[in-house]
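The two complexes that follow have subunit A in common; it is paired with subunit B in the first and with subunit C in the second.
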Partner chain A sequence: MQTLGEFKLPHFFNYPPYFTLQPVKDTREKQIQLWKELILEYCRTHKIFVVGLDEDFPLFSNQVIERSLSNEAREAFLSALVSEGRAEWLDKSHRKCLLLWHRIPDWADLMISFVRDNGLEDSVMTVEEIRSGVESRGTELHGMDRTILMRALKHLEHRGKLAIFKGTSADDEGIKFSI
Partner chain B sequence: MRRRPGIGGLQNAAAARDQYRLLGENVAKLRTDLMKEQLATFRSQLEDFARKHKNDIRKNPAFRSQFHEMCAKVGVDPLASNKGFWAELLGIGDFYYELGVQIVDICLATRPHNGGLISLEELCKLLGQRRKGTREAISQDDCLRAISKLKVLGNGFEVISLGKKKLVRSVPTELNKDHNEILELAQGQGFVTVDEVQRRLSWSSGRATDALETLLEEGLAMIDNGHKDGRSRYWFPCVSSVSSYSASDAI
Partner chain C sequence: MAGAFLPSAELTASGRPVLKPGEIECSLLSAVDLLSEDTHTFPNLKSGVVILTTLRLLWIPPESTSYANTCCVIPLSSVQNILSAKKSIKSMFQSPRIRFQVAATPEGVVAENGGSRSLIITLVVRGKTDPDSFLGKFWDAWRGRAWVATGSGLGEGEGSSSGSGSLAVRMPVVGLAGILRKEQEMWESTDKSLQDAFQDLNALMSKAKEMVTLAEKMRSKLLSGSNNQSSGAEDEEMGTKDMQDWLLSVGIVSPVTKESAGALYHQQLSRQLADFIKIPLERAGGMINLIDVYCLFNRARGTELISPDDLLQACSLWEKFDVPVMLRKFDSGVMVIQSKSHSDEEVFARIASLIMKPEALVNGISAGDASRTLGVAPAVAKEYLLAAEVKGLLCRDVSPDGFRFYINLFPELNQEDIYMVKDHSRYSTWTRAVLSR
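Moving on to the complex of A and B:
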C-alpha cells in the first residue's frame, strides 16, 4: 500500500487511467467521486485549507506510475467539490480553491464546543487568540485558516451567539461570546 | 419345446413368447431392484461419510470439491434443495447460498470500477478477505458452484473463459468475439493500445477502434492518455487485481 508520509493512499491512485479525465459519463462520475473523497480526506488529515491548481499539490501527480492530472482534470475535481459545497473558489480564474473539509456550520459547532469546554461563555477573545492561543492547542481550531474562521464566526454572529467588533490592534478583531 | 403344427402349435408359441417376456421383465426388475439397493446402500454410505467428515467438508476446499464429485457420480446433488438430509446435516445449501449472496454483493460493489466484469481470481480473493472471520477457506471451485446456483435464479451471471483465466460477468452486456479477443490480449499487461490490437490480431484500425470504443462505453475499459510516449492506452480493470495497482511489490 503506497503512502504519502503517514497517509494511506487508496488503490485507485496507482491505477494510471484514473489520472486521465474519463470521457464516458458514468465512468467519469465514479472517477470524480473517488478523487473528491481523496482530496477532502487528504486535506483534512494534513490541515490543508487552500489548494492552488498550479502548485505541486502531492495528490496531483504520482511519480511511481509517472502520471499527472491535467489542468482540466484538476479543475473538474475541485469544481465538483465546489458544487457540493465542500470547497470555494478564491479567485475568478479558478486557480485557487478553499477546502471546506468541515462545512462552515460544522466549524461553528466546533467553536461552540471549544467555548464551552474552556468556560469562555461570557468572555472576550481576539480572532488571533482563537487561532493560535494556548486554549485552542490540540483542538481542530488551532492553526485554522483565517478566512474560514471569520466565516464561522459570522455564522455564529447571525445566530446571536457572539458579537464581532474591531479590536485594539488595527488588524485584529475581537469576539464577545454570548453562548 | 416341441413344435406342433396347426392352431395348437401357434397357441403354444404365443404362450411361450409370453412366458419368455414375463421372465425377461422379472429379470429386468430384479436387476433394477438390485441396482436400487446398491444405490441406496451407496447413498447411505455417502451420508455416513458426510456425517463423519462434516468438518473437513466445511473447512477444506479441496476435500469439498472431491466430495461434490463423489456425490455427482451417485446422482446426489447436495445443493438441490435447502431442506432434507444434506442441507440439515451439512448446512451445505446454506453455505453456498451465503456464498452466492456475498458474490452478488462483491460484484455490485466493484461494478463502478470494472463495469460488471471481474476476474474469478479477484472475486475469490475479495471473498476470502470478507470471510476472514469464519476461517472457512473458499476455492475457485466453490465460487463457480455458487455462481451456477445464482444462474438458476436468473441474475444474469455468466462465467466467461479467457485463455487460461475465467471472468465473472454480472451485467447483461453481451461481449462478442472481438471484445473477448481484446480482453485476452489485455491480460498481458492490463492494457492495450490501438496499435497493439491491430498488430497482434491483424485487424484494421477501424475494427480495433470500434471494439475499444464499445468497451469504453460499456464501462469495461478506462482510457489513459498520460504516458510520455503520447499513445492512448485502454486499461481493463476486470483483468487486473485491485491490489496489483502498484509499481512496487508491496501488498
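Moving on to the complex of A and C:
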C-alpha cells in the first residue's frame, strides 16, 4: 500500500476523480466526507495543526497519478471541516486553516488526564512547559499548537479547573491547576 | 366511410401523404369540408386539410378522427370540369365554395378513367385561407395534365406546329386585308417561336424528371442490393455506402414551402421532417444533433432552404402530433432529435459495461471513446456521459490530460473506515485492475 511519510494511504487515493471536485450533489457529499476524514487522519498522524491553501500540502497532490486538488476543491474540503467544528479559518481570506482533530473539549479532557497522570493537581506550570516540557513528552500535548492549547486552557478555566495568570516573563503565562 | 365513394391513399406515420413518383405539391388549404350535393349517401367530410398536387386532390382527415392513416383522393384525371363560383348575395354570407365535376361510375364512385356518370363535388373553405389562389392553382394543375405520360407532351407540340403549317399557305398581300393578314402572320410567327422556347423549357423539365427517376431507381437498387449482399470487398462496400448516402440526401422531391403550404407551413414542414429524419436517425444510433439535422434537411431540400428558426418551430410542433420522433434539450442546452423508441436505459447499460472494462477502469473514458462504442456523435456521447454522471453512474476527472469519466466508486467508499475494500464490490474490481497494471 502506498504511504505518505508514516501515513498509510487508502486505495482510492489513486482514483483520479477523487481529485476533481464532483458536481453531482450526492457524489460530492460523499467525496467531501472522505476528504474530511483523510485530512484529519493525516494531520493527526503527522501532528499538523495548520494547513495553508497556498502551501504544498502533501495530501493535496498525488504524484503517482499526476493529479492535484484545485484551490476551489481545497477550500471546499476545509470549509466542510470548519462548518463541522473540526477546523477554523485563521484569516478572513481563508488561506490558512487550523485543524482540530480533537475538538476543544477533547483537548481539555486530555489535559486533565495528563495532569492526573503526573500528579500535578495543585501545581503551577507555564504554558510553554506544557507544550515542550519533560512531563508532556510522549503525550499528544507535546508540541501542540499554542492557539489550541490556550483555547483548551480557557475552556478549563471556565469550568473552574485552573486559573491563568501573567507569568514572570512577558511572553509566557502561568497555569495554576485546581482539579 | 368515404372509401365507398372516393379512392383512398396512404399517409406516412406522421400524417403526410405518400406522393407518387413525379408528384409535386402545389397548394394547401386547412379546415375544408368535402361534400357532394348530388348523392345523399355521400359522406360529409368535415374540416380536413386539402392538399393539391400535380396529380391529385387529397383530403386528409383532422387529427382527432384519425382514420387509420388514410386519406381520400380525387385524381385530377377524373376531374371533368371546374365550375366557376356563383356570384350571388347568398354566397357573400357563406363560406367560400369550390365546385368541380368529376367522372363517376353508375354507382356514384369516383372513377379515374372516366365513368358514365358525373358527380359535383364541393369544397367548403371554412378557414381564413385564400380560396381564390387555391382555385387558380387548381386550374393550373388540372390544365397541366401531369398525369398524362411525358411522351404525349411532344405529340401536342407537333399538333400545334402542323396547325400553324396550315396557316402558312401563302396568301397574296393585297389591300388592307393583306396588310392585316401579314401583321397577323408576324404575330403568329413570334407566338410560335415563343412557344418553341417554352417547349425547350418543357423538354428540359421532362429531362429533369427523368434524372430524378433515374436517381430514385439507383437509390432503391442500392438499398435492396446492400440488404441482399451479406459479404463483399471492404472498400467496395464503403463505396456503395457513400453512394447511398449521397443519393439518400437528395431525397425530397416535393419540399413543403411557405408558398405551397401557407399558414400550414410549419405544421406540414414538421410532418415532412419527421418522415425524412427516420433513416438518418436509425443510422446515427437513434439520436442526431439539431445542427446536423439542419444541414441534412436543407441539403435534401436543395433550393427551398429553411431557416434554423423554421426547423426549431417544426420540431417543437412534434409534441402535438403522433410522430415517432421527439426534440430533446439537454441540460447543457444542446438540442437533439431522438426517436421515441430509443431508450436512455439501454444507452446507460452500454455505458455501464464499457466503463467496467479493465482499460476504462484504470484510465477512464472520454467522449470520443463513448462516441465510438455507442455509434453517436461525440457531442451527443458527451451529453449521455453527463446524464450518466447525474444518475450517479459515472464521475468526472478533470486534469491537464482532458476531461474523462470513471465508474463512480464514491457510494462504495466508507468514510468510517477509509482502508476498507469490500469483497465483490466495484471498488475491489477497480483496486485489482489498478494494482495489476
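Going forward, the second predicted complex is superposed on the first by the 179 of 179 C-alpha atoms of A that agree within 3 Å, B and C clash if a C-alpha of one lies under 4 Å from a C-alpha of the other, contacts with A are read in each partner's own complex, and residues count from 1 in each chain.
Keep this in mind: a contact is a pair of C-beta atoms (placed from the backbone, for glycine too) under 8 Å apart; a residue touches a chain by one contact, two chains touch by 3 or more.
All figures in this text were calculated on a predicted structure; none of them were measured in a lab.
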item	value
Clash or fit, subunit B versus subunit C on superposed subunit A	clash
Contacts of A:E37 with subunit B and subunit C, given as first, second, both or neither	second
Subunit B versus subunit C as contact partner of A:S113, first or second or both or neither	neither
Subunit B versus subunit C as contact partner of A:P23, first or second or both or neither	both
Which superposed partner A:N14 touches (first subunit B, second subunit C, both, neither)	both
Which superposed partner A:T45 touches (first subunit B, second subunit C, both, neither)	neither
Touching partner for A:S79 - first (subunit B), second (subunit C), both, neither	neither
Colliding region between subunit B and subunit C, picked from 25-33, 241-249 or 385-393 after the shared-chain fit	385-393
Contact residues of subunit A, present in both the subunit B and the subunit C interface	11-12, 14-17, 19-20, 22-24, 26-27, 30, 66-67
Contact footprint of subunit B on subunit A as seen in their complex	1-2, 11-12, 14-20, 22-24, 26-27, 30, 64-68
Subunit B residues within the subunit A interface of the complex	112-113, 115, 191, 216-217, 219, 222-228, 233, 235, 237, 240, 242-243, 245-248, 250-251
Complex interface listing, subunit A residues touching subunit C	8, 10-12, 14-17, 19-20, 22-24, 26-27, 30-31, 33-34, 36-38, 41, 66-67
For the subunit C and subunit A complex, residues of the former touching the latter	364, 389-390, 392, 395-399, 404, 406, 408-411, 413, 415, 418-419, 421, 427, 430-431, 434
